[in-house]
């Protein structure tokens, strides 16, 4: 597409685009980004894949021995009950339920605030607060809140007479995962909410006006006009939310550390445990786990995108 | 007949009006209750941080009596805790990471955003860059750890500076690129006429205009760098070099039963970002939404 | 287009590898690691048992030599010391005194001593030793089998005065039975596993302490039931941040039932748990659990919290605990310690039916120190540990922390003076009632140890099955036996 023009460049209609690509400038501007990215992100990704085929043994301070073991790590993954019975199902449940609940509630809230209920500016500011605080802090505060004896939740439940609901939230087998999902939701719904709200505000007002003029009620306007137009944003936010849940670490680690006997274990926490907290010092096995999970996330995101985008074509 | 019609319509209208008002009140109550759920943990954290541990053990939800600001002075300056060190570390790491990221991402955004610099694979490269958003940190941090140990950076703050800065590149570059792509191209022509070369164009003309986007990027990244935990605990075994999240993580393990002090540590770590946000909430939200939804 | 794309991608990949390789300094190349599986006959310590075991021996590691690093510069020698016990001021005082005394005697040595909680310390040690950067010279022991095999610990056989220690100390963290010679750990404290009770609750519930300070198996279960009905927990232990308190409820009965030698085999994974005795102990622990032995917050309370639960919140009848209780509990109330005027009571272990060792008390060791192989001054580091192994420090340890010492001392000549104790902030006499009770209940009883080391997989199985699973009713006794037997150390 490069049109060759004379070096003097004096034509009547001076071309907007340069006739010679300024490669020097391109390299100057894009170079650092791509180099840094290559060294610190691409290379570790490739290295992880490399590690996953090895057994990695420390044999002295700073000395590591790599032994090729082929697919052994991956086979071991399939036999590891902590992975197959707890980490993967928990994370998948979270990845399935979490985003759905989050999208439904965030969209509803975004719509409500969009229609300018009283205090809507206050809500916008307040609901974003949890996002600002580190996962450590959230995990710790909620560990205290869910304490069975003096935690805020149980104390409140007992105060209103719902003693039977004052469970040992973090100590039973059936509740820790849901506590984790709830706390993480509390921490991140503000982000989805804000993004959806912003998406709503970019929809031209005239379209809604037109719908009203045509006699639509507010609900119909929402269903027929806003939601369809919100769809691209919705899909983006859904994918972001899904990816976030599949790799969440901070809150889980601090709140339950994987829960009583792995009941709230996620792939992220299990990788951490095997890499830095396990009896064995091998790093190849957790790398294999991370690689497998990366594949799962990529495929899931691909599937979701295809499914949702496919449905948008009408 | 016309009269009868009018009466029914007004009756319907009044009913509808009352129903609307009722719904509005109900909705407000629900939303306020929701907001309460969001805010109460913060408030409680704040309250326990100014009481004494003994009081808290006896009555976790009482009001402070008296308000013990000395929890904070003890936390920060008592020789056993000296929390100011971790503040300093967090500022150091966040500051340098913001600087590094800001420089590289702005230049990168300019290169990716201006049509002048388009080339065949530019879109592909940008897509590859953004693809990193799909990477769970777990797949990167083990080799990053080995890499940092080969460079001899484990236990220094520079490991975190590098990893944070590069980790935030995808989003930062994308935001800057989107912003730059919206600036009119006449600016370049004007600068060219004034005799600027490419870098001059960037430095003299574009960069000053990019301040809003840069501010957004800085705000967003500051939030992430200040609060990051996983890399902070992995790359920094040296306690002197810990950032705030890492230190809080260890602190509560070591001094967990001293609830007052633990509460104070949580509040101190959360305060900077929250205060910044309360002053700049419009900017924050603007920034978040600027690039993300245009995907 | 696609060909060019492929070329571009390959080019990028090669570029990144080159760039990263350039940044990586050439590490020492290990040329050969030869291991050999060998059948050995091993005499198990303390028993007339000779066992044939398959042992993987590291025959040789051939390493390309790297040039000698430059000699450390002239000037003070700086030793970095990472110690556990951040939360135990009494132990900190003793170790700080040892450090101060050493620095006074050796003005050319500067010791940087930092205090940690156990889990972060272990993680940091692992990270720094893997990285080869930033590791301390001395650290609280984390020389299990895996660390020793990884070459992270220095052998202290010739460095410490082993005759200064009480018998059995040399067996702690000792893997000679597995074919690896060497001693890796300095023990300052010894521990006695004890059983405390809350006398106020006993009085409230009308529970009488037997004359010989020992409930029978059935009586103990009964008491726990009574406590639970009155709203108290049976015993205050919890597993929030430690992987072993949940196992005590099985270990105490098993120890009492089979005696120390057999217990050692069970405890170290050298013996199948599918025996009537092991099952009896497991069943008993399940019965206790069902009777309300564990607190509601069993899964989440940290080690400090369960101390507070027992001595300040007074929510439990019993507490099974080794001697290091005093390290955490005998400090200011504001910091989580107990009121010195609250005198709890001690008991002997519940007497199991058919007990082989009705009176024997289970003794052992607690955390100590080792020298890491990353140290630049191995001689100085070892010398510091040798310095700490003097009788006067053993006495100082007991005097300040109220925990038995692994170092032998003469109470007449080595005991610290009252002035020294007052200067350190630990005046004599405050906790005398504790020792009176101790001698009353445990004085003169035979003792037994369980020194054999665990192998990795068995350790994990114990944590999953006995620390987490069984006490919370998440698995049955049969499943626990299965898990343990599937991971025995062979």
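First chain written, first letter: the chains are A, B and C, and each begins at residue 1.
Keep this in mind: a residue touches a chain if its C-beta (ideal position, glycine included) is under 8 Å from a C-beta of that chain, and two chains touch if they have at least 3 such contacts.
Quick caveat: nothing in here was measured; it's all calculated off a predicted structure.
More C-beta pairs touch across one of B-C and A-B than the other; that pair is A-B.
Chain centre most remote from that of subunit A: C (centre = mean of CA atoms). Subunit B and subunit C have Cα centroids lying 41 Å from one another. The mean-CA centres of subunit A and subunit B are about 15 angstrom from one another, to the nearest whole unit.
Residues of subunit A in contact with two or more other chains: 34, 39, 43, 62, 64, 276, 283. In subunit B, the residues that reach two or more other chains under the touch definition are 146-147, 149, 234, 249.
In subunit C, 20, 23, 27, 123, 127, 130-133 are the positions where the chain touches two or more neighbouring chains simultaneously. Residues 34-35, 38-39, 42-43, 46, 57-65, 143, 147-149, 168, 170-171, 173, 260-262, 276-281, 283 of subunit A touch subunit C in their complex.
Listing the residues of subunit C that touch subunit A in their complex gives 12-13, 15-17, 19-20, 23, 27-28, 30, 33, 61, 123, 126-127, 129-133, 135, 144, 146-147, 150-152, 296-300, 372-374, 456-457, 459-460, 464, 468-469, 472, 474.
Subunit A meets subunit B in the complex at residues 16-18, 21-22, 24-26, 28-30, 32-34, 36-37, 39-41, 43-45, 47-48, 51, 62, 64, 109, 112, 117-119, 122-138, 140-142, 144-145, 150, 152, 155, 186, 190-191, 194-195, 198-199, 202, 232-233, 236, 240, 243, 246-247, 249-250, 253-254, 267-268, 271-272, 275-276, 283, 286-287, 289-291, 293-294, 297-298, 301.
Only residues 52-54, 57, 120-121, 124, 145-155, 233-234, 237-239, 249-250, 253-258 of subunit B touch subunit C when the two sit together in their complex. For subunit C in complex with subunit B, the residues that touch the partner chain are 4-5, 8, 20, 23-25, 27, 86-87, 114-117, 119-120, 123-125, 127-128, 130-134, 241, 302, 304-305, 308, 312-313, 333-336.
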